[in-house]
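Next up is a structure, given as structure tokens.
Chains here go by letter, A, B, C and D, matching the order in which they are written, and residues are numbered from 1 within each.
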Amino acid sequence: MAKSPLEYIESLPREIIYTILIICLAVPLVKPLGLPVPISSRVKEWHQYVEGLPDGAYVLVSVDYGVGSLPALEPFMVATLHDLFERNVKVVIMTLYSDGPICYESLITKVNPDAYGKQYGVDYVFLGYIPGGETAMKAVAENLHAAVPTDYYGTPLNQIPMLKDISGASDFAMIISVTPSGDVAQGWIRQWVTPYGITYMSCVLAMMMPTMEPYYPAQVKALTDAGRAGEYEYLIGKPGSGIRKLDAFSVAHIMLIIAIIIANIAYFALKAQKKGGA
Amino acid sequence: MADIWTECGIWVAAILTIAVYSFAYRDNPLFKFAEHTFVGVAVGYSFVQAIRGVKTFGIDHLTAGEALYIIPIILGFLMYFRYHKTLYWLYRYGISIIVGVGIAASFVRDIETSFLAQIAATAGINIIKADPAATLGNIVFLAAVATTLYYFIFTFPMLHTGRAKTLADAGRWFMMLAFGYAFAKTVVTRYNLMLGRLEFLLFEWLKLPK
Amino acid sequence: MSLAYRRHLPIIITFIMGIIMILQYFIVPKQPVEPYQITMQKVGETLTNWANLLAAFTIGFGMVNIALIHSRHVSRKTPGQWYYSAWLLFVAVIMVIVGIGGEPALGINVSKYQYDWMTTYVFAALSGTMYSSLAFYITSACYRAFRARTIEATALLIVGFITLMSRTPAFQAYLPQVIEVADWINKYIVKSSFRGILIGGALGAILLGIRTLMGMETGYLGRRD
Amino acid sequence: MIVSGRFMEFVALILIWVLAMIAIDKIKKGWTVSFRRIAGLDALEEAVGRAAEMGRPVHFTSGLNSLTGTWAPLTVAGLAVFGEVARLCARYRVPVIYSVYGTQVIPIAHELYKQAFLAEGRPEEAKPEEAIRYLSSSQFAYAAAVQGIAERERPAANIMVGPFYAESLIFAETFYRVGAIQVAGTARLYQIPFFAIVGDYVLIGEECYAAGAYLTKDPAHTGSLFVQDLGKMVAIVLGVIGALLTTAGTKAIVEFLKL
């Protein structure tokens, strides 16, 4: 006895459910739909600080994550660099992780500075991996040229136009760090914020937020977790992998909610039918 | 040379991914192949870990002059007597050390972390708060902890009959609501995992434009 | 062989091991200073290493079990299974060779690259995909479970609904109150009932631990001998 | 002598230990303890009986078991349930499959399996090599292998008691799909919801540890359960009164517990 349509829906075969799920997840990945995304106050604040940078200001961007946490942290760093390159600021990039350069390569190809007319050595520079953790932060702050003789590609610092008269932390308007490590996130406070009072913005993994909250907003002017990359992309109108995921979440969750509603309607209709029919 | 290996690696990973997902629809030979590959690789992997374990936990200590480590190594081999017809009980010495150390090291910590500290945390709740939702919340919190514990009382059946049963039912209701929340809360993390695999299939394997 | 060696001695060993671990927990502070504390710490650490070493030894039971079952399939040519079993044994041997780094003497020189390749494109791919297949199962489970059959199931449905909406970015944008309700449920209903379950479970584990050390939890040695 | 901050724990351990010994002794001397119903444990016999009718095996798993580490006690609780399931399977002449993750339990599982057939007077029917199957010590290879068993041997009952992690829902959904009746229990908080919602019967936290007492009524387990109930009553009283006192301004009970 073939199932009546109501019975069919009420106990929908799993193959149908799974196929619908894959479609709901895959389609937004390929073509972001730009569904409305809530912008948290933390991401707005992060953006406002970048907007507030005066022309020609110097910003130190520290790519403090390795290949392991790249999938979770890169989208937020990409959005930050897009935001910085929109403005007329000088971006000095470095990393405290030995495999940081690999993350820089992946990062810079996604951001594509040429599209913003930014020139290497004039508007942005990459100093490469500086070993030592907090001692590296301290060395860069005190005497950049002594700490880092050449940039990542081997050019001596004094031959790089934008770094000629940059001696250390006091010449920077802001320091931004994206990292999975609590020690690194707090290290920048000890080495750059307390001694020099530089504006510090920190992006960490969601589970590390509780450990960083006590420093916000006194020492850490802007603090957020990397999961909010989609919001930042939506805010600055640069859809990337962050927003694709948020779109896919929305579509998949809405599908699930609608499916539950339909299943319940079918369930009650069946009960009514049986009661009526009995 | 590395590119061919990487490209071939991506194809192997993609086929295995599709094989595992195919089980959700039907059990099929492709899944059975992936399953046996997985178990085979895992067996080899854990065998290597075991050898490293025996080396780091045992041989290294022995070579470092701690002669006493010969005892667990002997007991370790004695455990293989369990296949022996009459001397099978020799395996028990090794197991009794594992169980004695393992059980004691774990349950003694439960007294603080999962018993006394949890009671202290509950006892430390200041119920009256400025925000009424928080005050109501604290009352619900205390009721939920008490009735859930009440639900688990086994050897006083009279507490689960008649009007007293409503307290146990309240405990069950609180747990049911908590399960509903915890169940729905994981949907996001599971979808996030599948998105990661789909991104691999769509962009690294099929090389669709990003 | 009298009962003493077969049952009572192992139970006594378990009791002694347990008492030493308990004493180590209660006597040795974070930085042991007194001589008795230092020796207690040393004894505790040594026994823990012994337990881990013995645990590493038991992996062999698994190898024997798998080799037995699958080689029997191959030798008996069980239809529809023997070639899978042969493939499993073959892959296991490959992984062992790759894992140990190969023996140049035997002409097998295997670099770390092969090991990384096997772990990334086979082991990690399979683990990641199996883990992510939970997205299928949570969806079909939600579809079936969130059904207003009884009052209790309806309450489960409503809480599930609110939680789902509170995690959907689109809803968060339009209906931020959903997040507050979900957080209230988590803070005052989930954390509290889970604490009740946790306390109960801890008591169960504590009494089981005491029974095991007293040789009354004979499950692990078999009830009678 | 006792490390600072751990005095109260030491007192609690001694108190629980002594009370347990007293309770066990009184029960041995004839003091009877009655139990409230535990649906999950009553269902064990029903599940094995159903498997006997349908002529299909019973599947058992104790999750990612380990005798060393945080969940050693829960692993032993799982083994105790396996002992009971093996007895029922010997009585109803139903094949049992124990999918093993941690190799440390293999010799113990063999011992329990043979004891079960001995107790039911059928030692010659015991086939431990086929019943106790080591699958893998890697979480998801283990999950894939169990899925294979579920689909190919289509057990009529699936009993899961022990430490479970993310794979709990993979098992629950796969065995639901092959129509197995499921009795599932764990004490790992974030996995209980999947068993409670998808399984037919669920053993929540402490109920996993109560199997020994409830099914065998043996003095050691029953005495323990009685002392566990006292512990829960103490927790309720100290918790609620403590909160009221804190609201009234004194944190006496909190300080007392933190000695």
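The rule we apply is simple: a contact is a pair of C-beta atoms (placed from the backbone, for glycine too) under 8 Å apart; a residue touches a chain by one contact, two chains touch by 3 or more.
Values in this document were obtained by computation on a predicted structure and should not be read as measured data.
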Taking touch as defined above, what minimum step count separates chain A and chain C?
1
Chain pair with the most C-beta contacts
B-C
Chain centroid nearest the full-protein CA centroid
B
When centres are defined as mean Cα positions, the distance from chain A to chain B in whole Å is 30
Any idea how many Å lie between the Cα centroids of chain C and chain D?
15
If you average the Cα atoms of chain B and of chain C to get two centres, how far apart are those centres in Å?
4
Chain B: which residues touch two or more other chains?
20, 23-24, 32, 34, 38-39, 41-43, 45-46, 79, 82, 95, 98-99, 101-103, 105-108, 110-111, 115, 118-119, 122, 138, 142, 145-146, 149, 152, 175-176, 178-180, 182-183, 186-188, 191, 194, 196
Note the residues in chain A that touch 2 or more other chains, in rising order.
14, 18, 21, 25, 249, 253, 256
Could you list the positions in chain C whose residues touch two or more of the other chains?
22, 25-26, 51-52, 55, 58-62, 66, 123, 126, 130-131, 133-142, 144-145, 156-157, 160-161, 164, 167, 194, 197-201, 203, 205-206, 208-210, 212, 220-221
Chains grouped in pairs wherever the two touch, ordered by label
A-B, A-C, B-C, B-D, C-D
Chain B residues touching chain D - in the complex, by the definition given at the top:
20, 23, 27, 31-32, 34-35, 38-39, 41-43, 45-46, 79, 82, 91, 95, 98-99, 101-103, 105-108, 110-112, 115-120, 122-128, 138, 142, 145-146, 149-150, 152-157, 159-160, 175-176, 178-180, 182-183, 186
Chain B partner, complex, touching residues on chain C are 1, 5-7, 9-11, 13-22, 25-26, 46-64, 66, 84-85, 87-96, 98-100, 113, 117-123, 125-126, 128-139, 141-142, 145, 152, 155-161, 163-164, 167, 182, 184-203, 205-206, 208-210, 212-213, 220-221, 225
Of all residues in chain C, those that touch chain D in their complex:
22, 25-29, 51-52, 55, 58-62, 65-66, 68-69, 123, 126-127, 130-131, 133-134, 136-138, 140-141, 144-145, 156, 194, 197-201, 203-212, 214, 216-217, 219-224
Give every residue of chain D touching chain C within the complex, in rising order.
1-4, 6, 9-10, 13, 16-17, 20-21, 24, 66-68, 73-74, 76-77, 79-80, 83, 100, 103-104, 106-108, 111-112, 114-115, 118-119, 129, 132-134, 137-141, 143-144, 166, 169-170, 172-174, 187, 189, 192, 194, 197-198, 204-206, 208-210, 212, 220-221, 224-225, 227-228, 231-232, 235
Show me the residue ranges of chain B that touch chain A in the complex, using the header's touch definition.
24-25, 187-188, 191-192, 194-196, 198-199, 202, 208, 210
